[in-house]
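Take a look at the structures below.
Same chain, two partners: chain A is paired with chain B first, then with chain C.
Moving on to the complex of A and B:
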């Protein structure tokens, strides 16, 4: 076995072990109750319907909330990192992230519209016909993310082909428009404290009070995106010599672009729909995984998924453990870690960047 | 002799409206090595890209083994036509063996996993180009000559009937120029066909059976090299500063000559 294959295997094992440990740790530790490992295990078994629930119903409820929280965190981290892996592969740029194609901005706009509807800005009829509001924000977030990405791709593919440069520039322009609309909504609701608080809170990201519904949304998106890996990984590797070169060895470049953008959009959209804006996972994780194991997308995409889950769950676990009740929203933590990290990357790769 | 590749009246215009091809035609038979020559900007590389299906002609047809190139699915097309590019716009950060394995892409199955047979084809292709010793090096570590041989090796691993080669000897020393042309000639001797776009009239003279001359986006003359590499044909195309001679085997020599007339 080559040294690289050994490194990949080691990396996968470390991620799986860490993920298991962090998952269990997240069940035991929290801002309120502390469970023993035995208790957490019994509660987990009970949740699967294979055993008696914990002695007091409230303890069982708390444990179940933590299970959903941990699962959603895993799903969101994995989905964001996978999306970043696709985007970096497609743009052939280790500093690209899902927000480039409008996923994040679109999700924010969708969620803000949903908050407006729930907050009473829409005719009652609209709210009633949409049936309740618990599902509204994820639904609109997803629609906004997917819609914006579709718009970016559509607008940038004039003349029958989508060049990566025009995709990038269109993404910037559409992101600006979306940010304008988002700011308009915020400004409109400035006096309505509850609504503006809800919109603002969403932009910080949240993993609290998540349910099976949220886990369902994020893991469905993740599964769809992961299902595209076997049909895009080798092709993304071949893209490294340029588009024409990939085409000459038989890669259907047009199909590859659509598939990769679809996979990136669906997984990031699912993540931001359930958890709000959590930046930098999609940038940092695939970048670090590439540094650790090399650049073949066959392993890079799978390990980015695992790595993203470990990264977000680990960051959440660590700050809950260290800060307790003072723990920050996940989006804020990621921005605090991610900003400086991005700067370090820029400085490290200055030589390469100056060649652009 | 059955023609493998037939192009008729191919025209192409870039999106800025510049007409790069205005009627280029050719026929390439099985077991033939044909050189495409002509001055800078005469449309040689554009023609090659149209032949390879990388550009879609505005009008005209390109047919390979009886089927139109633009109608072929990409993998099917890659099984029939392999391209050796002049250079890669970006050097992939992969090992030579993995890069050459990229040539097997069109032959891989549904799950895109390389079989031992694919790896054997890669090794054979590398050693036939005298590049077996660099198979575990990174592409970025190679010298210009090694890189060119690896590009040829990948096209060989692609096992396509027709090789389309763009300026294979630019920036190579004489020994490496010969090595690259020899490996292409060997493939042609084995039954494949090769079209080589080149500025090197003397290598074309030694290795090609026919030459096609392009000027201003058109193919203007074609024929056996000793009838094309003559003052009558080349002077109107390249201008008067040429010296004509003969190799010992009788093949024509054409070199730039500052003191002509």
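Moving on to the complex of A and C:
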């Protein structure tokens, strides 16, 4: 077995073990009660319908909330990191992230529109036909994210081909337009402080109060994106030599781009739709995993998924353990970690960047 | 050919020159107070409030005839003491959260301005602007630069602080008699609330707001917490040692498990049939499966306060407490009735 293969296996084992431990730890620690490991285990078994529930109904419900929270955190971390892996592979640049193609901005805009509707800024007919409001934000967030990415891809495609440079520039332009619309909504709702606060809060990201519905959304997006890995991983490796070289060895570059963009968009859209804006996971995790196991997308994408889950769940667990109910929103934590990390990356890769 | 940057600079200079020659510079009224500094309300007599910023005698604004209260709280305090004839304008955003929300026809003709910025405020030609501490200091300075005195209220979180503020504002505006009268009336109402509050002793309540992105509540040192205290109920969030406005997860909500949840009525169209009175927050509480076990949800003990009372930062907390008390009594009576059946 080669040393790289050993590293890959070791990395995978470490991630799986850590993920299991963090998942269980996340059940024990929260902002209110603390469960013993035995109690958390019994509660988990009861949730699966294989045992008696905990002594009080409220404790069982709190445990259930923590299970969904942990699962959604795992899903969001994995989806963002996988999306980042795709985007970095497609752009052939370790500094690229899903927000480049408008996913994050689009989701924010969609969620803001949903908050407006929930806050009463819609005709009664619309409100009644939309029914319950609890799921409106994820729904609109997903639609906004996916719709914006589709717009970026459509506008950057000319004559049946999509150049990476054009995709990047169109992404920047569309992001600016979307940011303008988002700012307009914020500005127009300033007088309604509850609605303004709800819109603002969404931009910090949240993993609290998640349910099976949220887990369903994020894992569906993740599954779709993961299903694309076997059809894109080898081709993304071949793309490293340039589009012409990849085409010369039989890679259908157009198909590859569409698939990679679809996978990146669907996974990131699902993540931001259920958890709000959580930056930098998509940038940091694939980069770290690439440093650890090399640049082959056949393993990089799978391990980025695992790494993303461990990274986000670990950060959340650590801050809850250390800060208790003073814990910050995940978007804030990730920005605090990701900002300095991005600076370090820039400094480390100064030579490469100056050659762009 | 003139290079573009030079042409741009020349154009800018031409525009600036034209502005310089413009005769449109407004003539501002003579100020009534001291334009050099921001005056603080000081809330004399309140144990929680700081004293005046300096030890000199506070400036009187009794002669002010074109007052602009620049926030909902300032509107509450000022408009309770002076009539529309002394008000030059009120902020549009404050209407929904102030006593002007009651559609009193006396205030219908009062000019409105959109945002607390120097230009729209100066356009009203005020001789006094009353502001809150959280408002832009830059704007205060621009106003003072234009010769308009700025009178800054201190933050109010309790009835004692609101009472002291009302008296202080009355004194500064030359309306001490009106302020004394109003305070005496409010004192009577607070005493009346305290007399009947005993019946609600032991009722555990909390306020809650959630528009789908995150849940919020209020602990100690908040006006909504004080409203609950005046209404005779225990604010469970404050009881848990939490202070100020804060996010509350479902997990914490379950842990608090209050008897009653107070939500704010939506400013705009109700968001759904399930939350017709309490809007999105009530709808979410009633529909979220993990919250179905909450006492307040199970027994439908969700009380709705009008948005302007839910968010008040003035002596209107007394009015809000009265409304809450009435709602609470109806609720407790209906629960007792249901229990007897």
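Some notes on this structure:
The rule we apply is simple: the second predicted complex is superposed on the first by the 356 of 356 C-alpha atoms of A that agree within 3 Å, B and C clash if a C-alpha of one lies under 4 Å from a C-alpha of the other, contacts with A are read in each partner's own complex, and residues count from 1 in each chain.
The rule is short, and it goes like this: a residue touches a chain if its C-beta (ideal position, glycine included) is under 8 Å from a C-beta of that chain, and two chains touch if they have at least 3 such contacts.
Predicted model only: the values in this text are computed from it and were never measured.
Once the two complexes are laid over each other on the shared chain, residue contacts for A:230 go to chain B alone; chain C is not touched.
Of the two partners, chain B and chain C, it is C that touches more residues of chain A. Of the two partner chains placed by the overlay, only chain C lies in contact with A:209; chain B stays clear of it. Judged by the touch definition given at the top, the superposed model places A:64 against chain C, while chain B stays out of reach. Contacts of A:238 after superposition: chain B is touched, whereas chain C is not reached.
Shared contact residues of chain A, touching chain B in one structure and chain C in the other, are absent.
Chain A meets chain C in the complex at residues 30-33, 57-58, 61-62, 64-66, 111, 114-115, 117-124, 127-128, 130-134, 136-137, 190-195, 197-199, 201-202, 206, 208-209, 211, 276, 325. Within the complex formed with chain A, the chain B residues making contact are 15, 49, 52-54, 73-79, 82-83, 85, 88-94, 98-99, 102-103, 105-106, 108, 111-112, 154, 158. By the touch criterion given at the top, residues 92-93, 96-97, 115, 209-216, 247, 249-252, 254-255, 257, 264, 266-274, 279-280, 283-284, 287-290, 293, 307, 311 of chain C touch chain A in their complex. By the touch criterion given at the top, residues 92, 159, 230, 233-234, 237-238, 240-242, 244-245, 247-253, 295-296 of chain A touch chain B in their complex.
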